[in-house]
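Structures incoming, each one as C-alpha cells.
In what follows, chain A forms one complex with chain B and a second complex with chain C.
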Partner chain A sequence: MYVPEQRSSLADLKVGTTGKISSIELDGLLRRRILDLGILPGTQVQCVRKSPAGDPIAFRVRDTTIALRSDDASLIKVYPG
Partner chain B sequence: MNGTVKPMTTLAEVCAEADALRLSSGNALGDAIVSDIYANAEEIARKVVAHKPQDKSAWDAKLDDILTSRLLGYPIMLALLGMVFWITIEGANVPSGMLADAFFAFQDRLTEWFQAAGAPAWLHGVLVLGLYRGLAWVVSVMLPPMAIFFPLFTLLEDLGYLPRVAFNMDSLFKKCKACGKQALTMCMGFGCNAAGIVSCRIIDSPRERLIAILTNNFVPCNGRFPTLIAIATIFVGGVFAPEYGTAVAAMVLTGLVLLGIAATFSVSWLLSHTILKGEPSSLVLELPPYRPPQVGAIIYRSLIDRTLFVLKRAVIMAAPAGAITWILANTYIGDMSIIGHLAGWLQPFGYAIGIDGFILLAFILGLPANEIVVPILIMSYLATGQMMEFDSLEELRQILLSHGWTWLTAVCTMLFCLLHWPCTTTLLTAYKESGSVKWTFLSFLIPTLIAFAVCFAVAQTARGLGLA
Partner chain C sequence: MKWYQDTPCRETHGRVLREHFGVAAEAGQYIIALAGNPNVGKSTVFNALTGLRQHTGNWPGKTVDNAQGAFTYRKKPFLLVDLPGTYSLLAHTVEEEIARDFICFGEPDATVVVLDATCLERNLNLALQVMEITPNVVVCVNLMDEANKKKIAIDFPALEKELGVPVVAAAARKGEGLDALRETLYQVSTGARQSNPRRLTYSAAVEEAVQKLLPNVQRLVDHKLNPRWVALRLLDGDKAFLESISRYLDLQLNWEAPQEVAAL
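Moving on to the complex of A and B:
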C-alpha cells in the first residue's frame, strides 16, 4: 500500500479529485454512521462539491452523495487513488 | 446473586453493559465486521446489479452546480421563496373574490329564508351573521392561497431541493453551534410546527435537537401563512398600484420569512451560549438525486393532506368560535358587549405593541389553532360595527381601515403572527418530544417575549419618528 509522506484527509481533497480511505480517526456515534454509509478503509471517495460557504463538503461514495462538515472530514485520512 | 452476573433491571443498564463490552475491544473488531459485510455486499452487487449508462447523474451534477454554487446558491433560495409567494398571491386574488361574491350572495338568500320562516333575530344573528359569515370569510380568504401555496411547496419538496437548502445553510447553523439538519426541520415547520418539532428527531445531538425544537415556531406554519398572505395582499399590496401590489406583497412575505429565519439563528446562537452551551457536533447529510416530480402525488398530498386538513381545522374551530364570538359581541354588560370589555381591557397592551385590543384578543383566543385568528378578528369587528354589505376582498380592507388599521397595525399584526406563541398542538408536541415542562414552557416564553419586544420596538419607533 502506498504510504503518503504527509497524511492528507478528505477535507484536503480538491473538488473533482478522488482518494482512497486509509483510516477513520473518528469515534462514537459518528464513526458508526460513517461505517454504515460504507466509508471504509480502501473505499474510493470523490469530492464533488463544497457548499457556498465552503463547508460542509459533499463526497461521492458508492453512488450516493454524502455531505460532511470539514471538521469531521479532516479526521478521515486518505491516500491518492 | 453471587457476584458473577449483575442483575440488570433496565434497558439502559443493558445498553451500558453492551457498550462497555463493545468499547473494550476497540474499533478493530467492528471495523473488520463492517468491512467484511461490505465486501460481501459488493461481491453480490457485482454479480446481479446492472448499471444503466450514467447520463442522469451528469444532469444532477449540473443542477447541483447551480443550486449550491457560491455565487447563486443563496440568491436562488431567496428567489424561489419570493416566486412561490408571488404566484400564490397573484393566483389567489381572483378566486378569492369569486368565492366571496358567491358566499355573500348566498348569505342574502339565507337571510330571506330566515325572514320567510319567521325566525327570531337572535337566531339569524348567531347562525347567519355569526357562524355562516365567519365560515364564508375563512373559506374565501384562506382556501385559494392554500390551494396554490401548498402544491408549490410540495413540488420543491418532491424535487429533492430541501436537502440542498440544508447543505447551503449548514455553515450558518454551525456558527450558531447548531445542526444543519435544523434547516430540514424548519422546512417541515412551514407545513406544521408540530410536525416540524417531531422531525427534530433526525438531529442526533440532544442539545442541538432541543435548540431546533425551541426555535421551530419562528417559521410560519400552514395556519399562519393564510393570515400573513391575506394581510399582505389586502393591506400592504392594496396600498400600491395594482400592477405592483402583488410584487410588493410577495416581497413583504419573503422579508417576514427571512425575519423568522433571522430570529431562529439569533435564538439558536443565544441558547448555545447560555442555557444550552456546547460545541457543534457532526453532520452527515445525504444529498439524494433529483427526482422528476410526481404530479398526482403532489396534488393529492398538498390538497388533501394539507389544504383540506388546515381548512377542516379552521372550519371546525371557526364555526363554534364564530357563534361564540357573535354571542360575546352581542351580550351586553352595562353599556358594552363582553367582547368590548375584553378588548378594552387588552387595548393598552395592544396599543403599546402597535395593534389593538381586538387583535390581541384574537391571538389569545386563537391559541388552539392559528387558523382561527383572522376569522375571530373579522367576526368581532363585524359584530361590533354597523351592518354593511361586504362582497369583495377590497371590502375586507375597508372593514380593517374602518376599525382604525394603519400600515403600522398591519405590520405589527404580521410580526406578531410570525413571532408569537405556538399553538396548543405544537406546545403539546414540544412536551412529548422534550419530555420536560421546563423546555415546553420555554418554547412558549421565548417566542412570546420576542413577539412583544419586536412589536413594541417597531410601534414605538414608528410613533416616535412620527410615521404613524
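Moving on to the complex of A and C:
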C-alpha cells in the first residue's frame, strides 16, 4: 500500500515555533503571491498566532507578519530549523 | 540590444495616457512613475517632491486612488504619477494591474521604485520586476532614518553596482536625499544617464523557450514593449496581461502565440 510521506507543513507549526520552507506545493497565481511575499525554500518562518478557529494563521516572515489560510499553509512544507 | 525607441510618438502616447490612465501631461513634461511596496513612505516622497501642486482622483474605471503632482527642476517640467503600493507586478490584484500597466504602456520617462531601508530584501523583489520591464529605473532607498535607528548600514555603491541602476538614499519625512533624487530623475529622464539594469537569467529550459518566442513577439510588439518581458509573461500563461496588451496597443489577438507557447 502506498503511504504518502508524512511531512509537516506551515499549518502544523505550533505558535512560537519556527521552521524552514522545504517546498511550496501551490500552483499559479497563489504560488507567485507566496513567492512575492518572500516565502521561498530555505526561508525561516515563525508561527506567531492562530485565530480561535485555527484559520487563518499568522506567520512572521522576513520581519513582516502575514496571515495565510490554513488550507494554503498546509501545502507549504517545512523542515525543523 | 535596444528595443525601445528614442523618440516615441508623442501624440499616441498622450492619447494613451489620457484615455487609459487619466494622466494629462503638458507638452514637454517628463512623466515619472512612483512605485513601491505598501508602507515604504511612497506618499511622503510624493508629497516632498510635488508639494501642493497635486491632483487626486481615481484611476479610470477603478476604485483605486490616483495622485499626480507636478514639479520643476532645472527649468524642466516633471509630472509625478503615484502608483498603488504593491509587492509585485505580476497582477494578482487591481492595484498590481494598474501599476504594471502604467509602467508598461504609460511609457514613463523614468520609474522611481521606493524601497524600505529596514527591509531591503523583501522590497528588492519589486525593484527587480520593474527593471525587467524598463531600463529607466531609479531606486530610492527611503526610511534611512529608521534604518540608522536600527543600526542597519547599507553599502550603496555595492547596491548600485549589483542592480545596475542609480540608487539614492533618502529620509523623505526629514527632507533628506530629495535633491539627489531630483537630480538623478533629471539625468535619467533626459537620457543624460543611461543605466544597464541587471538582467535576470532563468533556467536553461525557460531561456530556450524565450529565445523561440522572441522573433514573433518582437514583430508583434514592435518596439512598444520589452519583447523579452512579454515572452516571459506568455510563458507564465498570464491571460490578463494578454488582454492588457490588446487593449493598449490596439492589437488584434488572433495570433498563434498562445498555441506556440502551449507547444513549448
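Methods note: the second predicted complex is superposed on the first by the 75 of 81 C-alpha atoms of A that agree within 3 Å, B and C clash if a C-alpha of one lies under 4 Å from a C-alpha of the other, contacts with A are read in each partner's own complex, and residues count from 1 in each chain.
Here is the rule we go by: contacts are C-beta pairs under 8 Å (C-beta built on N, C-alpha and C of every residue); 3 or more make two chains touch, one makes a residue touch a chain.
None of the values given here were measured: they were computed from a predicted structure.
Engineer: Given the superposition on chain A, which partner contacts more residues in chain A: chain B or chain C?
Structural biologist: Ranking chain B and chain C by residues of chain A touched puts B first.
Engineer: Examine A:R7 and indicate which partner it touches, taking first as chain B and second as chain C; both and neither are also allowed.
Structural biologist: Touch partners of A:R7: none, neither chain B nor chain C.
Engineer: Pick one for A:G38: touches chain B only (first), chain C only (second), both, or neither.
Structural biologist: After superposition on chain A, A:G38 lies in contact with both partners, chain B and chain C.
Engineer: Looking at the overlay, what does A:A67 touch: chain B (first), chain C (second), both, or neither?
Structural biologist: Touch status of A:A67: first partner only.
Engineer: Which of the two partners, first being chain B and second being chain C, lies in contact with A:D27: first, second, both, or neither?
Structural biologist: Touch partner of A:D27: chain B, not chain C.
Engineer: Return the residues of chain A at which the contacts from chain B and from chain C coincide.
Structural biologist: 29, 32-33, 36-38, 64
Engineer: Going by the contact rule set out above, which residues of chain B touch chain A in the complex?
Structural biologist: Touch list, chain B to chain A: 27, 30-31, 34-35, 38, 61, 64-65, 68-71, 73-74, 167-168, 170-172, 174, 180, 204, 280-288.
Engineer: Within the complex, which stretch of chain A touches chain C?
Structural biologist: Of all residues in chain A, those touching chain C are 29, 32-33, 36-38, 62-64.
Engineer: If you look only at chain C, which of its residues touch chain A in the complex?
Structural biologist: 87-88, 90, 92, 118-119, 121-122, 125
Engineer: For chain A, which residues are in contact with chain B within the complex?
Structural biologist: Residues in contact with chain B: 24, 26-27, 29-38, 40-43, 48-49, 51-56, 58, 64-69, 71-72.
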